[in-house]
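Below, each structure is written out as structure tokens.
Shared chain: chain A. Partners: chain B in the first complex, chain C in the second.
Here is the complex of A and B:
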């Protein structure tokens, strides 16, 4: 229990650090975002705006009131972020929360599906490879796994767009779903459209991921297969299926669980590039758009929200580790990742 | 641990000898405890060294950093005399401090013999190991090729400029433009070649930054333990949970950096050190109570030296593998971000080429320009594949058993050891962006 509390406290600390860092980046850098915004506003408004008005506009956009003392600015900023107020997007002229908020579920949908697919396919393939160690199937799969593991996701994404998207026109090349369809969860046409639009982004992230999982599952399984307790299990006459699932698979997957947590970060980061290739309006898509338009409130809001999503994902993964590995329940002796 | 304490993890041989005569210990001429601590490398659980996540097959004995000749474990194991002289700094064979060089001389080799042996063990044996394995051989060839491309290649290929040739020549159509040309008539091959040097600098700076910071944090946290450990690990955990690429993007925008490849390399791996620190810490935890570390501690050797010569040598395979893994991450990350156009640049880059191909010629939808996109992508994949395979080779080079077998000057007793093992399989977690 205390471990759970400690873990949750650490997640909160992470979010706190990120928000503070974003405040520092916006506020403290000379020639940074705040100066840029002010210069732009003076240029646009010309003489019609007083300095006070300009400061007010900036405060509305970034939650930073320039003429207050710095600790008041900081506290105000933190309070605003905590209440879900990420400021006003300059480009979309809407609150940042209402631009990015609706995009979060889509990014989570992409990354979670890709991670799940890569992990399950990789682990199953790796297990089969370990059982058939040295066979032609094993050699071939190892080679494929190595090549895929050395391919960045965006390369696969670009190939998908070029071939499946434009040349053979199997999948749409942009958007979350067909805008002609009524977006309701009980509408089967809508769900099909969502899957069709999500298929290529998910596949391009999953394809480059599963090779690595397969290789490490193969290595772990081969090691487990040589263990004494497996011989005992066989001598006890346990069924092959039980041995494969409860003895080999479970012990081989455990060391990879920590890798899974790091992979959550990799996939979330990679989604930024993938979403832009497929013009898929997720958080990463808006992040890049914000950067190109120098829309600092939107940029920081996107960054904070991506971090929060990732922190939640990693915390869940970390807390379920104890469920998978009873030895870790105590917490104190944990040496994961 | 104070010097009068018993070493808790001593092997049976040493502790029994010691208990019989605990007070004489410090000035005993050839105290078996010291010798055993030095000599009994096999007492350390070899599995502990290979670490948690990497199923790298066979057990390997711990390598002590003081141990200047790689062959010592094999010789010692055969001799069966634990009090045999070992070149472990600080061992007292005659009751007075002896420098490492004098101890080496005890094996009575002539100067030239020693030099030849050193060359054989440190240069030839690793080279032979690498060449012995087709994966590592491929990796070496690829990486060497890219290194040459980034240095000599610049002299051989003309600098890229617009209108070097006809517009959008396809790949492999003409000898003059083997990889084709862009929509503005620039030779793609020369662009790829001229993008290599800054890429190599970027890769090196990013990988060095991550490995140095990660190793330093991880070893100090793991070895010191206590408050140092919890502070360092909390920082690492926080850093690790921040998504890397978005952080890079935000920093690059807010800090208004210039296109310096060294800075960009560091920026791309800005928080990757945290994950490495975590992994290294958990390996150090298994090493810090090893006997040779305890021995160093009892002798009053300072923490930095213990970490530097007892702990880190044992982690070298893991560190090397991570160096290569980080190199790959820098390639993937930087090319991806250049492709998105969110990083500043002052020379041509593979990612910038891809960006231009897609945005200026619509390479994804028009087959005529597709080679413009494909060539830089292949360049990345081949380099990444070479690095991956090289990492697997590096794993074998650092394995003392494999090395001893490949060194001709060493008569090795244990050639029953299988050395393969899917060492590189650890790269799973970073399986692509």
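Here is the complex of A and C:
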């Protein structure tokens, strides 16, 4: 129990440190929200606005002007988030939760689908590769897996947009769904449209993700396949299927559990660049806009969401790993095996 | 439109058209046409997107407007004053005009009937806005929805122009402008303001009758007065003519005298064309039902605190579902598009034969290029498209070109050495080969043209600078070498300023002549231009460096705070093109005084002795004289 408390304490401390560091770092960004607004107006310029006029408008944006010393802002902010108040987005003039909240399900849809695809395909492929160790299939798959695993997702995303989106026009290049369709969950056309719009972002992440899982699974499986208890199992006359699923797969996947939990922790922040490439309004999409606009509260909201999700993912992994693998129970207090 | 009530020097009534001929022929109007509010928001907001620094750019082969300069009467007082200001600019180089540009606008023609690219009808800022209203952009039957693009996420867009944020493109069809201005014919015509009369200091505006807001309310003089007042309260330039000292006077001087008449009292007689240039581009947004309370609060504010509180309330208000007065009304907006439906009660609704208009969310130039290539969008008001993309456009997409009367230049911080020395500025001008800069900046599109006479005058594309504005006096003007680096002249000037070339570098007191140039990294055409300039200066022996900053940091901080030695900036008035606006921008703007730290007084040789006698000149005074009604 004390391990659990200690571990939870560590997580809270991590979140606190990350939030404080983020708060300090984003204030170090050159410029502020007023500068961004001024720059926007200068660049828009259009409505015969002179600089004097722009300055007057900027001065009128009293809600943006931040006059308190930074430590006061920090204390106020920390006090506010403890009460669940993430503040008001400067650029969108709405509570941060109202900007990010509706975007969360869409981001989770992308990242969770991509993770599910990458994980299942990767694990299955890795297992087959292990069984066919040394074959041409194994060599070819390992090569492909390595290349894809080393390729940044945004490169694949840009290729998808360029070819599948613009050149061959198979998939839409942006958005969550076709605006002409009534967005209702009982409307099949809407669901198809959501899948179609999500296909390229999901595929971009899945394509570069599965290789890593496959290679891990392959390595783990090969190691397990050489274990004595498998020989015993075979000698016991257990079916190959039973051995593959209950003995090999289970033990090979186990070391990947932490990685999976960490990956689950990235569901909110894992698609920041991809969402921007596909103009897909999710959490990452708004985060980039917030960074550009120096929208401090919205930026912090995005960072906190991503941090907390990640910390929760890792904490769950830590706390439940012992349950999955009793050898690890109790943290570092036991003897090593 | 009523004729100008001012009088010519011979005592006869001077009509507006007559006045145009006198003070500047095609140039005046072409200039005015680019006028305010005809914003180039389309691409200019994309500073962070690696886009072009501005909105134009096209292959001149697709139809550069032919030079149509009209001769100018040389005895015109206004013309002489304009030439004098141009001469001071040319001799002192408070800014270095490098290039001018063309705005490029796109229309698809397979499902749509639109005027040809050489038609005068496309010479309106912006074609996507005016052609549908005038019945010149109609569906041939296969498409019942016109499709454009917008920068901001549709559901995050809002339409309170005074808020300043996410004021999205659907405004073009949701709201009507005060007036229309045609670049080619150089004529104003009425729109929401159907007619006007200017009599000395009294300006009367007549509101188009029978027009209603999308909620059924009549469009009245009160709405128009609201618009003018709110613009002035927000620092609008018209305030300088209506209530220059005291915002408390605005409500007395802008009055809706009846349902359709607005009476505006000016503090002094104003050049009518300058007045129109300010009025014409305004969108009528200030629906009394929506903005009336804000106008009332500002009208009744008696202290500065009350006024700033009321202004804060106005600028903090967002209007995501606006009540407009244009031919299309707001229907809905999601993350991907804004949908508008035709408002059948609009006076021009009969000219539109499609029931819907939509604006798709396209936050990147690349997306817009591809959407035009794939004909996903039916047109674009203005967008920079490089030559490789232009070649991919199907034949059915036409590109119209509109002189932009604006372009990239260098501004100098007069508080910083060495550019506080006119000889150094002139040396820079001699070294820079503006043709090469324009070529590289145009990225193969020929959309940028080098300024022949760095003088603050625009119209290079139309041959107006040489053929109209400076007709007869061009010999007096220095070109500084348009298409060549005049290094000998530059060396002479630098030696005169105390520099010596040593080890291939110009030095003074052992210190190398260093020129850091700052600019916005998001404006790709400017970056290319800056790199060209830097390389030319380096070749000559000046230690020049280009420091391209994040666009927000540059505009919002470094530039605005005057933290630069040489900065990149549009050298002409962004919004209007009459020389008055350019010289006001160069000599009398906030930027000139606060960012470039220009002095008010210069020493420059005299061009027209009847305009000024001594070499000492205060350009701001000449600009102010130019703004008042000419004799």
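As a convention for this text, the second predicted complex is superposed on the first by the 216 of 337 C-alpha atoms of A that agree within 3 Å, B and C clash if a C-alpha of one lies under 4 Å from a C-alpha of the other, contacts with A are read in each partner's own complex, and residues count from 1 in each chain.
Heads up, the rule we're going with is that a contact is a pair of C-beta atoms (placed from the backbone, for glycine too) under 8 Å apart; a residue touches a chain by one contact, two chains touch by 3 or more.
Only a predicted model underlies this, so the values are computations on that prediction, with no experimental measurement involved.
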For A:57, decide between first (touching chain B), second (touching chain C), both and neither. second
Would you sort A:281 into first (chain B), second (chain C), both or neither based on which partner it touches? second
Taking the superposition on A as described, I'd like to know which of chain B and chain C A:166 touches: first, second, both or neither. both
With both complexes superposed on chain A, which partner does A:303 reach: first (chain B), second (chain C), both or neither? first
Give one of first, second, both or neither to describe whether A:86 is in contact with chain B, with chain C, with both, or with none. neither
Now for A:40: first (chain B), second (chain C), both, or neither, which partner does it touch? second
Chain C versus chain B, contacts on chain A by residue: B
After the superposition on A, what does A:14 contact: first (chain B), second (chain C), both or neither? first
After lining up the shared chain so the two structures overlap, which partner does A:247 touch, if you call chain B first and chain C second: first, second, both or neither? neither
Applying the touch criterion given at the start, work out whether A:23 contacts chain B, chain C, both or neither, answering first, second, both or neither. neither
On chain A, the footprints of chain B and chain C overlap at residues 31-32, 165-166, 173, 292
Chain C-touching residues of chain A, taken from the complex the two chains share: 30-32, 34-57, 59-63, 91-93, 165-166, 169, 173-179, 183, 279, 281, 292, 294
The chain C residues in contact with chain A across the complex are 35-41, 44-45, 47-48, 153, 156, 161-162, 164-167, 234-237, 278, 281-283, 308, 311-312, 314-316, 318, 334-337, 339, 358, 361-364, 367, 370, 373-374, 550-557, 559-560, 574-576, 589-591, 594-595
Which chain B residues qualify as touching chain A in the complex? 52-57, 234, 237-238, 240-247, 249-251, 253-256, 275, 278-279, 282, 285, 328, 331-332, 335-337, 339-342, 354, 358, 363-365, 367, 370, 373, 377, 380-381, 384-385, 387-389, 421-422, 424-433
Residue numbers on chain A that touch chain B, as the complex places them: 10-11, 13-14, 17-18, 22, 25-26, 29, 31-33, 118, 122, 142, 146-155, 158-159, 161-162, 165-167, 173, 205, 208-213, 215-220, 222-223, 255-256, 258-260, 262-263, 265-266, 268-270, 272-273, 276, 284, 287-288, 291-292, 296, 299-300, 302-303, 306-307, 310-311, 314, 335-337
